[in-house]
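Everything on this sheet refers to the single structure shown next.
Should a chain be cited, it is by its letter among A, B and C, assigned in written order, with residues numbered from 1 in that chain.
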């Protein structure tokens, strides 16, 4: 397949063929990270700028490692040290970065749509590393890769997503992605955390975790943003854990070969019990490993060939 | 030309021949950043330390990209994470860095003269990336490169610099640099922002922007440091914009082929109107592109040959 | 000698032969940093994560330069930008880093034992870059390398360590290390800064600096942590300097060929007089140079061969 896009911004704009091509490429490249010499010269002389307006160890580290294993040069910019502190607009920052001839800009931003705006302005490839509550396509792609590895295919599977759906870009990207690949998505969480009309994205809704996970092949547990507690969206961590936290007891009603996933970092004992996070069904760490592979694949596909 | 200097600290200490050699080298190296493989092995195995006591995305990123495109290894140190938080003197920090055998130290510091002091202490090449209100030679060099590219030569040109001259290291370095290359410099800005006796550096002074830009081949608009507003150096942004901001109206009286420049980041609608910053005369983004080339040239000249 | 360990966590767990192998390797690798091309391809394709929960310019820079001179890829994570801000446990962070297939994790942490815990969890090699008041083995190794270079051997030497022994991981690691190599260690400092029972580690104690340094071949002056002053551990800097600061006057009673060392950054005029820090006996900057060599040696030994 010929990948014609310049950017990877969300799951909506990726075709089924493109998603398959990304997953296939990631599966091939994954092996590089297990070699004694974890490095191929593919992207030698390419410049990748990691531009993180929001702090994120795991995503930035994953992207940086991915770029370096392909031999790209990387430069890392964080909001606190950047010109935005000096009042520069994102458009101006983007144009300035562009003028330094980067090949790709990986961007995380608190404002939904920021990466899309950036992509329109710059010639470099833009990869969305998470924008506001909108999209986190590399997370969805690594989730889908992990499921496909374990289940062979995505079509026909049931994926339950548990937690604060309203504020989750991970949920949004996964709903669209899994749907596109023929899986059925069911959402569960407190009523205050499930937005009205989310069904139009192609997901069923349940307010009971047990019901949502009963037929699930995959359970994606979302991280609770503790800071939202003060907004009275949920009353207490303990209460949340009791009603919506994924415990061994709740899991008793699930399928025998269910996969447990979490985008991390986890709040142990809140949205997920430690023994579930580390239990036999958990593929949480494989998600992390696949994250590097997915990011290598995107850089490889976007920058590796003639365009 | 044989470049005998160890350091690049200010425009005063560079000869006309040295400036020409830097601009010529930068012009040659600029092409590397447009190649599919933007990298040459010239500085492989050289260690460049970027030591920024003041935050600066664009300058640090520009230097880092320059070093990496020449295959140097880079290490980045910022004030907040450094030993100065532990009360170490700059001299001791410098000696310690030196003991790790770097080939170059790129330094930005709030104290004028800090890079000069560093240069006396260490054997490594020191490049001044901006010190206090004193000098910013790489900015002046990239400005001169941009003008020379567009105008063919610098001799005989008139360069207007508009804004807060008093607090601007960019102004200071440009006055000296353009003068040295045979250009005439005229300054304009509020009286409170033009230091007494600046004429001795070789610049004319005007208090009216229209007058200053009338015969200018190049207009360099300086960034207004909003934080100085509280010092009552200027009354309000709106008033500043009206009197000294470069607008389309004020530009009406300028030459047909005038170049508009700005060191960035710009305050849209304050010192420069958006339609001017993005208008046909603006070469602001070419300055950024040339910034990488100038920094490559300096690293190449200082570290690339036997010394 | 075959180095069988996965990690370097403290001096206690290193055998005499292992210490000798590290020092020998460091001596050989030291020369690389003086070459025009300061780089060997030994660790090409290895990933080294520098994980610093406490800020530290010099140690992080030293490790980064060491890794890069061996051609390893490096990723740097600091506490402020990391997931611990999001409440993740160290165990979870470690497992996540591990899932990205690093070859080594260099860790500095305020909690004693954190690197040991990390080492048990991950397959990657862990190097302790300082944990709480517990251990700082790379500092001890570079100190021992510096002494061995100057004195030819460590056996039979007398090493005086002056300062706040109680809170010093440097002291702890040096006591164990020098002892192991056959040197005699004597400690001096205010009674409030020398822990009861420290003799069991194999060190003599004195409360008078002059007495402690009288027969010393090496004097290691420890940094005073000014923040401890508020804890009334010592009354004032001036008083400390007078009683325990290493001055020219106190040095008068020392051996003719004594070596003066300090882990840096120094408080000039507090624990050490400037003329002593820069005097003829001082090897403080050679310690810094050897720091790079020791860290290259550890990375080389742990990652360089088949394991």
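In this section, contacts are C-beta pairs under 8 Å (C-beta built on N, C-alpha and C of every residue); 3 or more make two chains touch, one makes a residue touch a chain.
For clarity, every value in this text was computed on a predicted model and none was experimentally measured.
Student: Suppose a student superposes the Cα atoms of chain B on chain C; what rotation angle should they report, nearest 5 degrees?
Tutor: Fitting chain B to chain C on C-alpha positions yields an angle of 120 degrees.
Student: Looking at chain A with chain B, do both copies bring the same residues to the contact (over half shared) or different ones?
Tutor: different
Student: Need the CA-centroid distance for the pair chain A / chain B, whole Å please.
Tutor: Averaging C-alpha atoms per chain gives centres 40 Å apart.
Student: So which stretches of chain A touch two or more other chains?
Tutor: None at all.
Student: Please name which positions on chain A make contact with chain C in the complex.
Tutor: 33-39, 55-58, 60-62, 64-65, 68-69, 78, 226, 264-268, 285-286, 288-289, 291-292
Student: State the interface residues of chain B toward chain C in the complex, per the touch definition above.
Tutor: Those residues of chain B that touch chain C are 44-47, 49, 73, 75, 77, 80-83, 85-89, 92-93, 95-103.
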